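Some structures to go through are shown next.
What follows is chain A paired twice: with chain B in the first complex and chain C in the second.
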Partner chain A sequence: MRTLLVWLAGGLSLVGSSQAALASGWNMPVGVTDLSREIYNLHMVIFWICVVIGVAVFGVMFYSLIRHRHSKGAKAANFHENTTVEVIWTAVPLLILVGMAIPATATLQKIYDPSDAELDVMVTGQQWRWRYEYLGEDVAFNSNMSTPRAQIRGDEERGENYLLEVDEPLVLPINRKVRFLFTSDDVIHAWWVPDFAVKQDTIPGFISENWVRINEPGIYRGQCAELCGVDHAYMPIVVHAMEEDDFETWLVERQEMAAEEALGVDREWEMDELMERGEGVYGSICASCHQVEGQGSPPAFPALAGNEQMLADIDWHKDTIINGVSGTAMPSFRTTLNPVELAAVITYTRNAWGNDTGDAVQPAEIAERLER
Partner chain B sequence: MWGVIKSVLAAFLGVQKEQQRREDFEKGNPMAFILVGIIMALLFVGLIALVATWAAG
Partner chain C sequence: MAPKVPPQPTLEQSSTAAEAGHGHAHEAPPKGLMRWLLTTNHKEIGSLYLIFSLVMFFIGGIFALVVRLELFQPGMQFVNPEFFNQMTTMHGLIMVFAAVMPAFTGLANWMIPLQIGAPDMALPRLNNFSFWLLPVAFGLLLSTLFMPGGGPNFGWTFYAPLSTTYAPPSTTFFILALHIAGISSILGAINIVATILNMRAPGMRMMDMPLFVWTWLITGFLLIAVMPVLAGVITMMLMDINFGTSFFNAAGGGDPVLFQHLFWFFGHPEVYIMILPAFGIVSAIIPAFARKRLFGYASMVYATAAIALLSFMVWGHHMFVVGMPLVGQLFFMYATMLIAVPTGVKVFNWIATLFQGSISFEPPMLFALAFVVLFTIGGFSGLMLAIAPADFQYHDTYFVVAHFHYVLVPGAIFAIMAGVYFWLPKWTGHYPHERLSQWHFWLSVIGVNLTFFPMHFSGLAGMPRRIPDYALQFADFNMVSSIGAFLFGFSQLLFVAVVIMCVRGGKKAPAAAWGDYADDLEWSVPSPAPLHTFETPPNYQRPAH
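Moving on, here comes the complex of A and B:
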């Protein structure tokens, strides 16, 4: 018996030191929402139940092994079947499981209840970026990874948020229930932000829901959590959570930008403006496959510099970018890019890296083509 | 009848006395066990559904 006590004490001190390990980042984060805290607490309760069971079972087992070992002349009790014992060892796990299921189900019910949301954000997974659309607010944008390729290749020192930084973060208000509607344009992705305890698959042709109510302003980072192709690692998530006032200001700013952009569709654009805008779009959207210098990586991703079909047939070029090419990795950019961005990137690819068609494609023409 | 129900309950739990098992296999009517088993499985499903509805409501 004394040996058993010594072991129990040893086990308890291990438990104490593991508390320190938990605080050091090995464990899941507590997060910044009430629900993430609840999920964390649930996880810890179940973890400790498992630890207690583990210590008890292995304690009894090792105690018995050592206390009743053969060299001490132990004789095996040779009996068969004891209904009472069997009923106990069936009923006890049953009660433990039901006991764990009750709090787990209560939490699940909260997770699955996106009702009464004050803001709806559509999250669309694309190879390989996220698209955010504030439903009913006329604000939508793409969120591309902004880590330079040079850092990935190892030519440059890695930045602080290597592979966890984007050009346009998702902006959300704190203290408001935000409902997410998840879907995908191509394959299955998963939108995962550990600090929100949200990890939701985005499935093409299907909309799933989840929600978040952030307690603290801050920048929260996540990643795609479903293997979705070669650049799976290069579609991070960054959420900028702001005070409600700041969020409203930001939203109005974005709405003004969108309105201005809509006006830009109708005016005549200069070659220089289109080229400048196009270079930006190309860098964030096209370059991951067709490469920064338009050299592509054949055969999967054809070169655009000196691409004869593209340069000879401007209609084909426009159609390819707007509608994609089925059966290949080239997606449709009909909804991802607006008419100005489409016109700019078409102009850019026709006039960069030695391509010099001189074509300045006008947004108005693209807008008309999109209507068809 | 009560004996059959008790045996089916024991089967649900997965624990049965050896003596009772022998008796059931020697004297019992298999159809009775199958029927009672199916009925009680349906009752069990209904019970779970009830509890779930109550918990969700």
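Moving on, here comes the complex of A and C:
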């Protein structure tokens, strides 16, 4: 019986995959991992089972509707019970379901085995970006959507990867088991890349795990899949999967950059440097709420240009950015940004758009504040 | 088991019944608005429920059309993402709690006493109260759209902490509105259960009851079991928002996942609350127009009960990507797949009823047949969603949106419309206008499929639900869906036209309006049904054929 079912499933999925090649963009992607392929096959098997049952059931139904019409003089039969038939149509679906549950269980067991991972990546959801941290490698960065707002408004032509492009993609090696640890800083998000068949909620206060072993290098795109507030549509995921050597080179480069950045904390920064750096940080982190020109969108997101409280009280300003404002959408950036970035963005917001306070906040000062 | 023969009327009741011939002893009902505010008559309250749910169906429909308008093309054209989120949320809340549920309660009010030969509902004053809570609840809910910060914007499933720490200030009003609607549902359910268990005509055993009565009895128990859970979870939200507790706030030691367990422990039975009475309606209509007794009455009853029991054990399938342990995942997967068995039995029974019947296609039958086909398609996608590993890909995409709209729109709502067309002759004394009903049916069927079928594809191709803007590869599917949605939405105006015309006139209907196989007790009273029926309990005779 079981062999028969496996055969049936295999045969059906063959028909399924040729069909899917024709209809790419209409069906679930096969993906680039062993598990995504298995999941795709499960999907096609259950789909064809449904099609077969559907054809049988609707076949009988439409046969009756056509042949047994009152207008054609059909006379109704008198039966209204048949124990044998009723037992059969209870038992047969049950057997089909058991046949389906067996491969589904096997796949699920594989998915639930994150052991022997060779690389750990912490994925943190934030309104509305992803933060990636390569655990034990001293590399961490934020990944923001890079589609310009002008394209969303329709002022500019939309690019090929509209809404599915980011400033810093997650970089992963192929052929290695990568374990993800998922969490969130604010509300629940869900990290989803269809080509990996990995979708996992990121939940504040919880860490859940999942894993992937990518078979082919390439660029894979996904989106946040759990409603997470106003910019839910605007937190895409881009994964750049590389050959292992390339990945190692990339990782060393990023480690060097991080080390350099750490050195930068202790030195004195010029106003121009801070402003330049701050503009970049502001653009990728702050502008989605407070807008590019600092005009905000009150009442939810206050204006920063000419914001009296902010300009009058530099201490409050620093505290707000480092710790956030509880009960509002303003998150804490204590862990998201490093001292250089914090100092730069505070300097930028105090001097851009005619704020012109002339304050240059030094990274060392912020680092000291973070220690406290 | 209930007693085989309900208690005989007391001496006092019998004498009142005997006097019924020469008019009512009690005073004339108040005129105008007060009559409707104070009515305790099950038919009038049934009509109020149905009119209310029709109005809400249009309001929820307008919200859906705002959503579809914005999704017609990629980019933001008509509304901003904040308002879009309010529209998706309000559409869901209004359709579930204010359109579908009250419509079934309205049909229950009208038809259950008529189908079991009772003079009215068991608790007529409570019946009035549970209806009038609804306009209050949903007036309050709709008013949140005009409050500072806007209305609820966290989806109809309102997951914490988006609906608590990060919610707009109007959320407290949303909670209050849902509390009031929940009380209304519980009271309505208690009333229906009490009516069915106590007020059946002498001689009518439980296993003689029409399936609409059976399915509502089971639905009533589901409502009584799960509405308090909803009340509990929204009260915990209320505490988190206003009184500093941390039930769902991880920073205070709470658990955002607990919210989902509680919500779906309510939410999954809720899904069946919206479909079981539909099974009952369709089980009455198909035999009537196939001129053949319903196949497998007893197995229909058992299947309904089995679905209801299983519905308490499958809530975890809404949470496959939360990160439950493997055994939990497996348990919920198996239990969910199991639901396909009793649901399949129902579909097979309907088709066996059609088989070798003598079938005609009056408006109620058209909707009932479309129900069988399209609900089954929704059932198939439900079976696919039950496969947990595959659900990792389907979850929170348009595939899910397609699935639950197939079971709710051409499922629950088509069944409600089928019921309305079926019982309109009993309510008004006239048949619905045949040609206009057919136009309504065909435009609705085309519209519904044009709207929801492409969503299967956009979901499989990777479009998440609840986004106001989408990547370019989803553009064609969305354009078709939006065109379908407008077609479906505007065709419902025909439904209103048919109902109004039917109330005002039309071909006269006899007492047994749909022939020999629509033979439940409601067809033994005149059409239109007089305000008071079965003041003397009828002597129930089992159908001969």
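Worth a mention:
Quick note on the criterion: the second predicted complex is superposed on the first by the 330 of 372 C-alpha atoms of A that agree within 3 Å, B and C clash if a C-alpha of one lies under 4 Å from a C-alpha of the other, contacts with A are read in each partner's own complex, and residues count from 1 in each chain.
The working rule: contacts are C-beta pairs under 8 Å (C-beta built on N, C-alpha and C of every residue); 3 or more make two chains touch, one makes a residue touch a chain.
Note that this is a predicted model, so its numbers are computed, not measured.
By the touch criterion stated above, A:Val60 is placed in contact with chain C alone, chain B being left untouched.
In the superposition on chain A, A:Glu81 makes contact with both chain B and chain C. Within the superposed three-chain model, A:Asp167 lies out of touch with both chain B and chain C [touch as defined at top].
With both structures placed on the common chain, the touch criterion links A:Gln109 to chain B and to chain C. Contacts of A:Glu137 after superposition: neither chain B nor chain C is touched.
Of the two partner chains placed by superposition, A:Glu365 touches none, neither chain B nor chain C. By the touch criterion defined above, A:Thr90 lies against chain B and chain C together after alignment on the C-alpha atoms of chain A. Touch counts on chain A: comparing chain C and chain B, the chain ahead is C. When the two complexes are superposed on chain A, the residues of chain A that touch both chain B and chain C are 80-81, 86, 90, 105, 109. Every residue of chain A that touches chain C in the complex is listed here, in rising order: 25-29, 35, 38-39, 42-43, 46-47, 50, 53-54, 57-58, 60-61, 64-65, 68-71, 74-82, 85-86, 89-90, 93-94, 97, 100-101, 104-105, 107-109, 111-112, 127, 151-154, 158, 160-164, 182, 186-188, 190, 192, 194, 197-201, 203-206, 208-209, 222-234, 299-300, 327, 329. Note for the complex: chain C touches chain A at residues 74-77, 81-82, 85, 148-149, 153-155, 159, 161-162, 165-166, 250-251, 254-257, 290-299, 321-323, 326, 329-330, 333-334, 337-338, 340-341, 344-345, 347-348, 351-360, 369, 372-373, 376-377, 380-381, 383-384, 387-390, 392-393, 395-397, 457, 460-462, 464-473, 545.
Contacts from chain A toward chain B in the complex involve residues 80-81, 83, 86-87, 90-91, 105, 109.
Across the interface of their complex, chain A is touched by residues 13-18, 55-56 of chain B.
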